Amino acid sequence: MNDPVVILAFAVLAIVMLVSAAAVVLLRNIVHCALFLALSFLSVAGIYILLNAEFLAAVQILIYAGAVMILLLFAIMLTQRAGAIAENPPNNQVGMAAVVAVALFGLLALVLSGTSWLTGAPAATQPNTEALGRALFEYYVLPFEIASVLLLVAMIGAIVIARED
Amino acid sequence: MNPGYLTLIVFVPLLGAIVTALMPKDNIRAIRFSAAGFSFIALVLSAIVWIRYDTALAGMQFVEQATWIPSLGIKYFMGVDGLSLPMVFLTTLLTFLAVLASWNIKLRPKLYFSLLLLLEMGIAGVFTSLDLLLFFLFWEVELIPMYLLIVIWGGQRREYAAIKFVLYTLAGSALMLAGILALYFYADPIVSGRTFDMLELAKTNYTAQYGAAFSSVVFFLLLIGFVIKLPSFPFHTWLPDAHVEAPTAVSVILAGVLLKMGGYAIIRINASILPQALQDWSYLLAGLAVVSVIYGAATSMVQNDMKKMVAYSSVSHMGYVLLGIAALTPTSMNGAVLQMFTHGTITGMLFLLVGVVYDKAHTRLISEFGGLAKRMPLYAALFVTAGLASLGLPGLSGFVAEFTVFVGSYLNPNMQLFTIIAAAGIVITAGYITWMLQRVFFGPLRFGDAIKESEHIQDVRGLEVVPLVTLLAIIIAVGVYPSLVTDLINTGVAPVMTQFVKAGL
Amino acid sequence: MLSLNAFLLLSAVLFCIGLFGALSKRNAVAILMSIELMFNAVNIMLVAFARFLAPASTVGQALPPVSTVGQVFTIFIITVAAAEAAVGLAIVLAIYRTRRTISVDEVNLMKW
Amino acid sequence: MDSFSLEYLWLIPLLPFLAFVVIALFTRRWARLSAYISILAIVASLVVSAWALLSLVVAFLGHATGEELVKQVTLTWFSAGGVDFPIGLIIDPLTAMMLIVVTVISLLVQLFSQGYMVVKDDHGNLKKDPGYGRYFAFISLFTMSMLILVLANNFLQIYIAWELVGLCSYLLIGFWYDKTYPDGSISPAQAAKKAFLTTRLGDLGLLVGILIIYMTTGSFVFTDVEEAIKAGHLAGGLLTVAMIGVFLGAVGKSAQFPLHVWLPDAMEGPTPVSALIHAATMVAAGVYLVARTFEMFAASPDQQALLVVAYIGGFTALFAASMGLVMNDIKKVMAYSTISQLGYMMMGLGVGAYAAGVFHLFNHAFFKALLFLGSGSVIYAAHHEQDMRRMGGLGKRLPVTMITMIFASLALAGLPPFSGFWSKDEILAGAAGKDQLLYIVGSLAALFTAFYVFRAIFLTFTGEYRGAQGGYDAHGGHDDHGHGGHGGGLESIKESPLVMLIPLILLALASLFSGFLGSPFMGNAFQSFIEKGAELHEEINYTVMISSVLIAVVGISLASLVYYFKVIPADLISKPLPWLHAFVLNKYAMDDLYLWIVNNVVLGFSRAALWFDIHIVDGIVNAVASVIGGFGGTLRRVETGRAPNYGLAIFAGAIIISGILIFGGSPR
């Protein structure tokens, strides 16, 4: 973990991620926001790889950068009218929101700096997709199935809600 | 042998409410007869209980007990004694008469009669339950049908009146619940145990164990809820509003029995469980009582609305109840209970009478009438009699109760001044009643502009007469031969008074 | 020196950015996007914990290793987030159809 | 006494009560039948009462004295919390005498009423009053109540009967409840209310007195209370207060100053009712009560309580007599006369002339009933005219009425040998022996009395008939029925029917002879009987006797000079002092004073209370509600309905709470 390459990769990924995230919340053009969101998702996938979670990285790219992004873009496309294109203004509590966000960060930072984690030996670096699969299907079968039902429900629900009457 | 009379008295009305609600909507006869039938069954049951109550044996009778929530010591515990039995009888009687009095109700009769029966269940439950939590439950249950009855069938400002009634009562209930819980948690674990059983709790001497401050606080927590219900000055203002807006039959029940819940609860709970605190604060109670008597009578004097006048007169008359309780002699306590019973019948009758004229003339303003005796001789005779009963004319029950309260209260040397001032109330009462009678019934026949079809105003007849004559018969019977009731009440008051003896007062 | 705290700090910053966006945006789609950022921040944190925290003693217990538990959680979160995104966007579309706007400032049905 | 059992006593009030029930419930519509039932019941009561009296008299003649002449029974009516509320009967000379008075007068009045209670229908024919049955029902109820009152052996029962006679008075004064006067003068319904309320004010005193007595002596029964007072359980100032309380009840009932104001207005009732209730029996109940509790009054320290009775009575006697001088309504004259005479009785009791007071009550009952019934006969004959200014010369048309009324007037004026003389003289003698001031007041009142009653006689029966002139601008007269035509002159006036005249004649005989019972010729038998055979050692005070006869003669002569011979102008005093005349005619403004008090103090207090109730008490309630409502109304603006606002608040709150929990230095 102290490999300079890893540190450098972390730094690059972190900067890209934070900058694009900041762009998501600050830019006024909603389409640009969406694109920066995709960039942010991708850099999160990179962080997963640094954390030895290759399967998650793949899932992140497929679902977030893929499916969710498509959904968002469709939503933007369906809801923008001619005059209102790319309008994404902040609301009137932007100042308060900033204060709350900074305060939260301050709180988290204080907690983080004040906590000594009980870190152990670094886990094996080899791919652990198999272990993940075992855990999912041996220990978490029921939640897994419930999650699938949840997805089904969400899908039907989304269709019902979004359907034109 | 006890086939669960009290449970039947309480739950037959509930059954009646359900059955009535299930009747076909357009079969109004079935609805009426179902309501009348079930309330009559309850009346017969309570009459049986009265007849079979053994005054020689005294104490709690017809007791039913079953564990309900054993982990908290909550029981289903019912029983009647000389205090509650007259109230139970009054409840069933007035409900039955109220059903008869609202025989021809037009608006949503099914719901109306169901609610009336539900109300009966709640009130009868209050008077029969001996477990504080059960008591509290019934105390609250009664609110909802009352609220709906006022808010659906009420007059112009019904929503204001109904919400005022409910909020006022609930404010008291909240404090009462705190008081009940305090009694529960601080009960002596050895003599009382962890229980809501009123009779067991009465064995704990709270003042001796926790000091006068504690028992005073609990006393007031409980008392405020009860004096609101009674109602005593200065907690009485919900009453005129509720009465003016409520339909006739509901007013009858409201004045006839609902108010009695307050007086009954003060005797049953405050006096029995916290005798020392009642003793400590008896001056305050007597003061409130006297103010209620004079003030209620004075405000009755200048009312133009007959119903409001009767409502304020209730404040005045319930002041005698409070005085009787505060004076703490066996006789005054007896008088207080008797006054509750007689006031129930007399004021019930007065409200019925006002309702009759309102049905015919669509107004209750004294200034709109004159010389009604010419047109409605029987009605006038009944009204005059009820009015005379209300002002305490001997031979009618009001006198017996008031005189007993006066004698009993005067026997307590500390209460003599209060008694004399309260006695002055009978003069004011005579004033507003005779003045009202003179303006409404005497002089030449006259109708005000607010009365459109004065030819519809004819004498009472048929079904209108039945409830009036029934109540009149009771008023006369008790007035002429009070032992009918006092023998029973004596047995109920005696154990309360032994609480004071036990507390060394 | 790449410790757990670095990842947690990163997660915290990302979460706060997302929070700021969620609270300060008028456009419902933008708010949804910001919420997705917050989800991602939480996921980073979970995965980082899974990577760094000392494995609890699982002897005698039928539990998977700690390193996988965090990742399983993340998978569930992603699932839920996907469902949320679907339903949320459907709601946005529904609102848009009825009110011709997706500005949350104008959707105040819950007003007093 | 042995021949008469107490069990029969119950019959005396029970029979009129049964008559009341039967008439009220069943026979109300059959006028004649109702009257017969009522009269039958009272005759039966009279027989039983006479039997009771007879047995007592026999015992008395057999030299039974003291407690041998008293029989009583006490039962428990009901008991509450250890207090037994008694009901009981007593028979002693006082009660027996009252029983006879009540039943006899009631009987005669009912006989008289049969003729009196008629109205003219549209064709001028006489028919029964529409309320005929009701009238007799009320009369029966009254008789029952009055009999219970005099039979009571305890305070509770006397209070009950006290209120019941008050009720009957209320019902009977307001008998013609639908009548009002266009000039706004007091209507029967208003008069009834006034009577009820005024007497109730006095009843409050009685109630308090009873409470004090029970509290200290532990009993309501007269004999027990007397023993307890003897034993000292109730003594000193408290006893005086208690007895003044009791006396207040009597003040209300017997229309003594200052609660006398109701009695003149009570004349709005039918005249026979005035005779029965407001002259002979009910108003005498106050005197009876004082007589019944005389020993208790006498036991008060320095006899203070008796002194109060004497002075109130004496003042009332003079005060009311002065108003009697100026009244124009014949019934009003009689009403003030009644008040005055009741004051006399009170004064007699107060100065300790117990037997004399009771004797005067006895005599007064007959001659005053006669005066009222005679007035009724005049009013009836004069087409319901009551104003003496529109009468005159009626003597020729109404000879029987005139003669009987002159009998009664002589009795009232106190001329021997008529009954009033004997008792009045004794009262004055008692006063003279006690307090010269009271004696002078009493004598002055006697002068007034002799004058006003003969003024009434002369105005009514002599001179020219003034009815047809109609020259008076006074209002239409408070005639009983409100529809009596004034048509016709003197010729249209006829003597009343026989059924009305017989009671007059009987009462006239009583006025002449009843006084002899207590005269020295018969050894003061009446007084001795009333005093239960106690030794009477009264010396005849000839000074008082002669002066009282002289006073009566002077009064009558003056009246005749003014109103018969007309040698002294009637306005001799009123002309130079018009304000005095107006002031007296206006009843010393007492009515105005009471009206002012009621309107301003009582109603003012009530209005203030109502205002306080609506604006302060309920105002506070509503203020509490609106403060809470206001809080809610302000706070609900926080609920903008905008999700970002909520989110912000949630997170801000979460941060603050977390911060407190993490850094707040929780004790753990």
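The chains carry the letters A, B, C and D, assigned in the order they are written, with residues numbered from 1 in each.
The definition used in the following text is that contacts are C-beta pairs under 8 Å (C-beta built on N, C-alpha and C of every residue); 3 or more make two chains touch, one makes a residue touch a chain.
Since this is a predicted model, take the numbers as computed values, not measurements.
A.B. asks: Most C-beta contact pairs, which chains?
C.D. replies: A-C
A.B. asks: Quick check on this structure: which chain has its C-alpha centroid closest to the centroid of all protein C-alpha atoms?
C.D. replies: Per-chain C-alpha centroids ranked by distance to the global centroid put B first.
A.B. asks: Hey, which chain ends up farthest from chain B, C-alpha centres compared?
C.D. replies: Farthest from chain B by mean C-alpha position: A.
A.B. asks: Centre to centre, by mean C-alpha position, how many angstrom separate chain B and chain D?
C.D. replies: Here chain B and chain D have centroids separated by 37 Å.
A.B. asks: So how far apart, in whole Å, are chain B and chain C when each is placed at the average of its C-alpha atoms?
C.D. replies: Spacing between the chain centres: roughly 62 Å.
A.B. asks: Please work out the Cα centroid separation of chain C and chain D, and write it as a whole number of Å.
C.D. replies: 96
A.B. asks: Compute the distance, rounded to whole Å, between the mean C-alpha positions of chain A and chain C.
C.D. replies: 6
A.B. asks: In chain C, which residues are in touch with two or more of the other chains?
C.D. replies: Residues 19, 23-25, 104-105 of chain C touch two or more partner chains.
A.B. asks: Indicate the residues of chain D shared as contacts by at least two other chains.
C.D. replies: Within chain D, residues 642, 644, 648, 651 contact more than one other chain.
A.B. asks: Going by the contact rule already set, what residues in chain B reach two or more other chains?
C.D. replies: There are none in chain B.
A.B. asks: All pairs of touching chains, please: list them by chain label.
C.D. replies: Pairs of chains that touch one another: A-C, A-D, B-D, C-D.
A.B. asks: Give every residue of chain C touching chain D within the complex, in rising order.
C.D. replies: Within the complex, chain C contacts chain D at residues 19, 22-25, 31, 104-105, 107-112.
A.B. asks: Name, in rising order, each residue of chain A that touches chain D in their complex.
C.D. replies: Interface residues on chain A, with respect to chain D: 91, 93, 96-97, 100, 103-104, 107, 110-111.
A.B. asks: Show which residues of chain D lie in contact with chain C when the two form their complex.
C.D. replies: It is residues 636-637, 639-644, 647-648, 651 of chain D that touch chain C.
A.B. asks: If we count contacts the way the header does, which residues on chain B are in touch with chain D in the complex?
C.D. replies: Touching chain D: residues 164, 167-168, 233-234, 236-238, 295, 298-299, 301-303, 329-335, 338, 371, 373-374, 388, 393-395, 399-400, 403-404, 406-408, 410-411, 413, 416, 419-420, 423-424, 426-428, 430-431, 434-435, 437-438, 441-445, 481-483, 486-487, 489-490, 493, 497 of chain B.
A.B. asks: Under the stated contact criterion, what part of chain D meets chain B in this complex?
C.D. replies: Those in contact with chain B are residues 77-83, 85, 156, 159-161, 163-164, 167, 170, 174, 177-180, 187-190, 192-193, 196-197, 200-201, 204, 207-208, 211-212, 214-215, 602-603, 605-607, 609-610, 613, 617-618, 620-621, 625.
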